[in-house]
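Right after this note come the structures.
Shared chain: chain A. Partners: chain B in the first complex, chain C in the second.
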Partner chain A sequence: MDFLIFKAPILMVQASMDGILLGILFALIAYGMALQWGVMNIINIAQGDLVILGGYIAYSMYLAGIHPAYGVIVSPIIMFFVGWGLYKLVINKVVDRDLFISILATFGIAILMQQLMNFIFGADVVVAQSEFGTTMLFDNSVTLPNSKIFSAFISVLFAIALVIYMKKSKLGRAIRATAQNARAAKILGVDTEKVYAATFGINAALCGVAGALISITFTLHPYVGLPYTVRSFMIVIVAGLGNLPAVAVSGMGLGMFEEFADYILGTEFRIGSVFMLLVFILVYRRFKLSRKREYLK
Partner chain B sequence: MNKIVKLFITFISAITLTLVTVSTSSAKVEGEYIVLGAAVSLTGKYSSNGVHTQNGYNMAVERINSKGGVNVGGKSYKFEIIYYDDESNPKRAAQLAERLIKQDGVHYMLGPYSSGLTKAIAPVTEKYKIPMVEANGASRSLFTKGYKYLFAVLSPANQYLEVAIDLAVEKNGGKPVNIAMAFEQDAFSQDVRLGILDAAKRTGSKITIDDKLPKELNDMAATLAKVKATKPDVLVVSGHTKGALTAIRQISEMKVDVPMLAMTHCDAAKLSKQHGKKSEYALCASQWHKNLSYKDKYFGGGKKYDKDFKKEYGYAPPYQSAESSAALLVFKDAFERANSFDKDKVRDALKATDMQTFYGNIKFGPGGQNTAKPMILFQVRCKGDTCENKVVAPTKWASDKFYHPIPKWSERG
Partner chain C sequence: MKKNDLILYAAILIFGIAAPYILPTFKVQLSILCILIVLAMTWNIQGGEMGYNTFGNILFYGLGMYLCASVQVGMFFPLAEWTESGGEKTFEHTTIQFFEGMGVGLLVAAIVPMIIAGLIGYAILGLRGHYFAICTLGLGIAAGEIAGGIEIIGAGQGFTTPPFPKDIVDPEARGEFFYFLSFILLIATFAFIRWIYPSRFRLVLNAIRDNEDKAEAMGIQTMKYKIVGWMVSAFFCGFAGGIMGGLVGYIDSTDVAFDGREMGVFMVLMAILGGKGTLWGPVIGATLFHLFKEGFWTLFLGWQYVALGVLIVVIVIYFPEGLMGWLREKYPERFGEVIDEEDRKASVELK
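For the complex of A and B:
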């Protein structure tokens, strides 16, 4: 099938929309990761597992007869305290240490969370039903699940709220100050310990939102967290730390690239091709950087 | 001085360990018990199916023991199983198989859950020449390695959906059909794919979409958009429970109309329960269904097994439990025919197995796979909000008519 997408160009619209909707959701998870990476210098391997735990909270609500969409309110609240607790228990001991130690620590948390979720929620793959229906465009040739549109909308909403919060609130300012220079912030009276705990909590809350959205758009299983970690890690690497618009663009860009790779190269190459793109971006960056350095010399 | 003491302690513990190992290494038959070994996944990602497997084994052990046990050399013996938890981890499974054989002295093994773990254990049992009857590893590659001590009561993976293609051709008036397929990139699903390729070749059908889904993928939107654009006669999906749930979710959300949808793992995914009416008309491959008319003297028929299992464990038996129970019936039959506990004689007796169980006929082919039992297809049908699986193929056991083509989404309520 020689490039179906060129024979039926309407598929390009479908691919772009799917990619963008998927990318926005991933960008939300990536933003949380970028935030705590920037502030605490911790790469959180358990990011994806926090997402899945958030999903299970929404799923539990669904089982109790509450619409899972309310999970986007309940799940982040619970997850904030989970994140706070994790910080107090583990992360505060590794926060000023080597990056490698924090990776190991969060890797341990990831394994523990997977096993606990397996123990509590069982090893079955589960889905929550939103019954949101479908949006059809262009005479039914482009169909978008409303659950995905809802997810993208909620993601954008939370991202905007967070940006405003970081700009306007006292805690937001303290977080930004700590990210810039933790020692200076401390001298000027910022309780960095509290800032760190709050940052980790906010990150977990964002994961909670994303998880609730994933429970109605995709599937949940105790062991599917890692792909979310890897994807958000990639988005952050491409976008850089502490730059929300870049994270959003990079999330959507990678999402679209993946969809188009699927149509042109084949489904088996979609994830591989995203990694190839990542390699190219990193090599290109290095190339640009080295040129600048030579110039400075 | 201190060093000598340490050395001495080490020496003593080594001797004790050896003695302990030696003293337990004749456990194949203890008193009136025939000891079988099994590593099953009680924790980890396969834990739910691992538990189904264990329940199936236990159910059969109890039943056989209470109905007179196993007669060997004029004496009645009972089955006993040593279980270990392999944590859904192939490496752990292989270690546990070694441990069962070398430390616990087990001479007969039952299989673990899943093709991957069976693949990890088979080289070990083969090395020690331990007969293993397995009930949950269907991957074709298990039966092409020339294993002599591996016997599987289930049909191999490549047979899972072949019947569906034949059915599609039949519904198309004997003419070839266009097939779209999406398979996860793992051993099992790719074996199912090979079966479809064979069936397509045999019927002259054309494959229009052949997507291989990465394991970590949970979005099939691109594949389904292609399906919408090419309008195939049949869509085939296999990707374990995650694949089945994702497919139904996105087919219903993207309103993809196909005349026929065939998939695997519907009952493991509790498709009709989780997705309800959205999963209606999906055609699912299954190793077993309670409505089949096979019989044996231990469990009666499928319906009786279903009832007894529900009473014992509180849920309806998935086919993973049924096939696990069947594995023990096979062992019992082989022991009695061999009339010996010599593992090579038991192996030869297993090789010559030709019997009927409630689960189906069992006869092993040259690679150890069961060649006597066809796969069955059921279709999800709903009345109001309750959905049920109805057997529709092969025609010999079909309890209901196959509904074809699937009505368009715009016409479904």
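For the complex of A and C:
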């Protein structure tokens, strides 16, 4: 075949490394989605837009002269309250309803957020310069920006911190109890309303971390939220709810898929291939289940 | 058919035919309204009657748009040259070529999406609930992204559809032509859906919506009905897309054709606003929505999408049953429902 990637195998190493580092970031977003899907049983289409908003928070710090890497601390704090507010305003009205209602309502929020970000931050593609430099491997043939390594490291750190928090803390236990059985948790004195709000806030905070990392490793644009939503949705349906190692692995797999698709099909088909992969995965699972006369639900 | 209905249909028909002469400045808006109603009604076949909430009907709409324009150009001129350098400047359709191309193009635009719906239907319609919704959302966006990368149909720069022939000097002709084209499509769609409405076909679709497993257990081949329902939608959506492409005069992959952010959401919103699962709901919803959009869009000046987002959230949260659903709850007798007063009280107490 005539593709560059097959002529120069070192590019495969490059693509794999890029993909894995990228995938860890996706896994972090997917973990947030799995959390709120599992606990509240809603699918948040605005997930990607929360990520982008988190990114813009870090970017505005960069504009103000602060190093954007501090965004990973500031952004989640602000995003937690954004998530909390969003829950109180809209999400609490869709929690017990049909899933399609939550999809459509969060789709509305996504459109709203995109446009507001467009007003506030402009429609240009922006990036926050971290000036971390790059690492060269294998005789300078593979280049890895240090910012990507940094972002993968921070993602892992936050994921581990969250897992420990969910296991040990009182709120974490309450969240897990609500996920298992909201009604029973309520009877046993858990304020489920607060748990839901906190869950959505934590999800938004995770998005904030991921967004801050994206602002230094990739680019930000008001309208690129939806691909992040779809990626995290895809990871969650492949890995299942609440299976963290699987989330990490499928995140990395998705990252590698994207990098390879980028090399083989061309950059203009990158997003398209992500969406086609989503369709493919869903259809594949549907055929696999239909052999046992079951279906995805 | 009742006498009242007949008068209503006749009144609408007469208004529809007279509209471009009464309101000559709104011809384009009226054509778009017809297209919107068609889209809302076809969405309603899935989302309302069948309970399969799709975001993917935009796929057929966009396909129809590209197919119609491509056929119209490709029948007479090299397509690649046309799209590469604004071919409408070098090549010119004669009057006959234009209408011939439009006719064949619309036919292709309707039939090919229908076949595609039939082909992918078996795979996609096996998904249920929100998986179906997300999968179709993915399909629509993937189509837009992929179309934006294909050179022969203009890739990122877009595709100019053949301009209306210059030989026709009447300046009103273009607007009238597209208006009547979309009005005929509207009548055809409405007549078709009105025809299947009292039929067994719709009952089966409703059964699928209410409980697919039980419908299957009753011996209905649900998959067959679901695919046919989707093909019907695809046919009319493709047709509507073809007309819209000619009307707008310019096709862009993500902003006009596979416009998931606008048209793809609009059709869902219109059907829900009017009341899904009813014959007139989508018609009323689309009309209201279009009036609102054209009347107030300019007031928001740049805030349109913010308003749209708020509108979606408000409609979905507070009016999930739509206008017809609300009327139905308020005046059940009008809908031919008899309500047992005791029963109603009991159910209120239960709540």
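Just so we're on the same page, the second predicted complex is superposed on the first by the 253 of 297 C-alpha atoms of A that agree within 3 Å, B and C clash if a C-alpha of one lies under 4 Å from a C-alpha of the other, contacts with A are read in each partner's own complex, and residues count from 1 in each chain.
Criterion: a contact is a pair of C-beta atoms (placed from the backbone, for glycine too) under 8 Å apart; a residue touches a chain by one contact, two chains touch by 3 or more.
Since this is a predicted model, take the numbers as computed values, not measurements.
Of the two partner chains placed around the shared chain by superposition, chain B and chain C are both touched by A:E268. When both complexes are overlaid on chain A, the residue A:L278 reaches chain C alone and has no touch with chain B.
Of the two partner chains placed by superposition, chain B and chain C are both touched by A:L226. After overlaying the two complexes on the shared chain, residue contacts for A:P145 are found with chain B alone; chain C is out of touch.
Of the two partner chains placed around the shared chain by superposition, chain B is the only one that A:E259 touches, whereas chain C remains out of contact. In the superposition on chain A, contact of A:Q115 is made with both chain B and chain C.
When the two structures are aligned on the shared chain, A:F287 is found in touch with chain C, with no touch to chain B. Applying the stated contact rule after C-alpha superposition, one finds that A:I101 touches chain C and leaves chain B untouched. Common to the chain B-facing and chain C-facing surfaces of chain A are residues 115, 119, 226, 266, 268, 271-272.
Those residues of chain A that touch chain C in the shared complex are 43, 90, 93-94, 97-101, 103-105, 107-116, 119, 226, 230, 233, 237, 266, 268-269, 271-272, 275-276, 278-279, 282-283, 286-287, 290, 295-297. By the touch rule above, chain A contacts chain B in their complex via residues 1, 4, 8, 10-11, 14-15, 18, 22, 115, 118-119, 122-127, 129, 134, 136, 140-141, 143-145, 147, 218-219, 221-224, 226-227, 259, 262-263, 266-268, 270-272. Considering their complex, residues 53, 123-124, 126-131, 133-135, 137-139, 141-142, 144-146, 148-149, 155-156, 261, 265, 268, 272, 302-306, 308-313, 316-317, 320 of chain C touch chain A. Considering their complex, residues 43-49, 182, 185, 208-209, 211-214, 216-219, 221-223, 225-226, 228-230, 240-242, 245-246, 249-250, 253-256, 269-270, 274-276 of chain B touch chain A.
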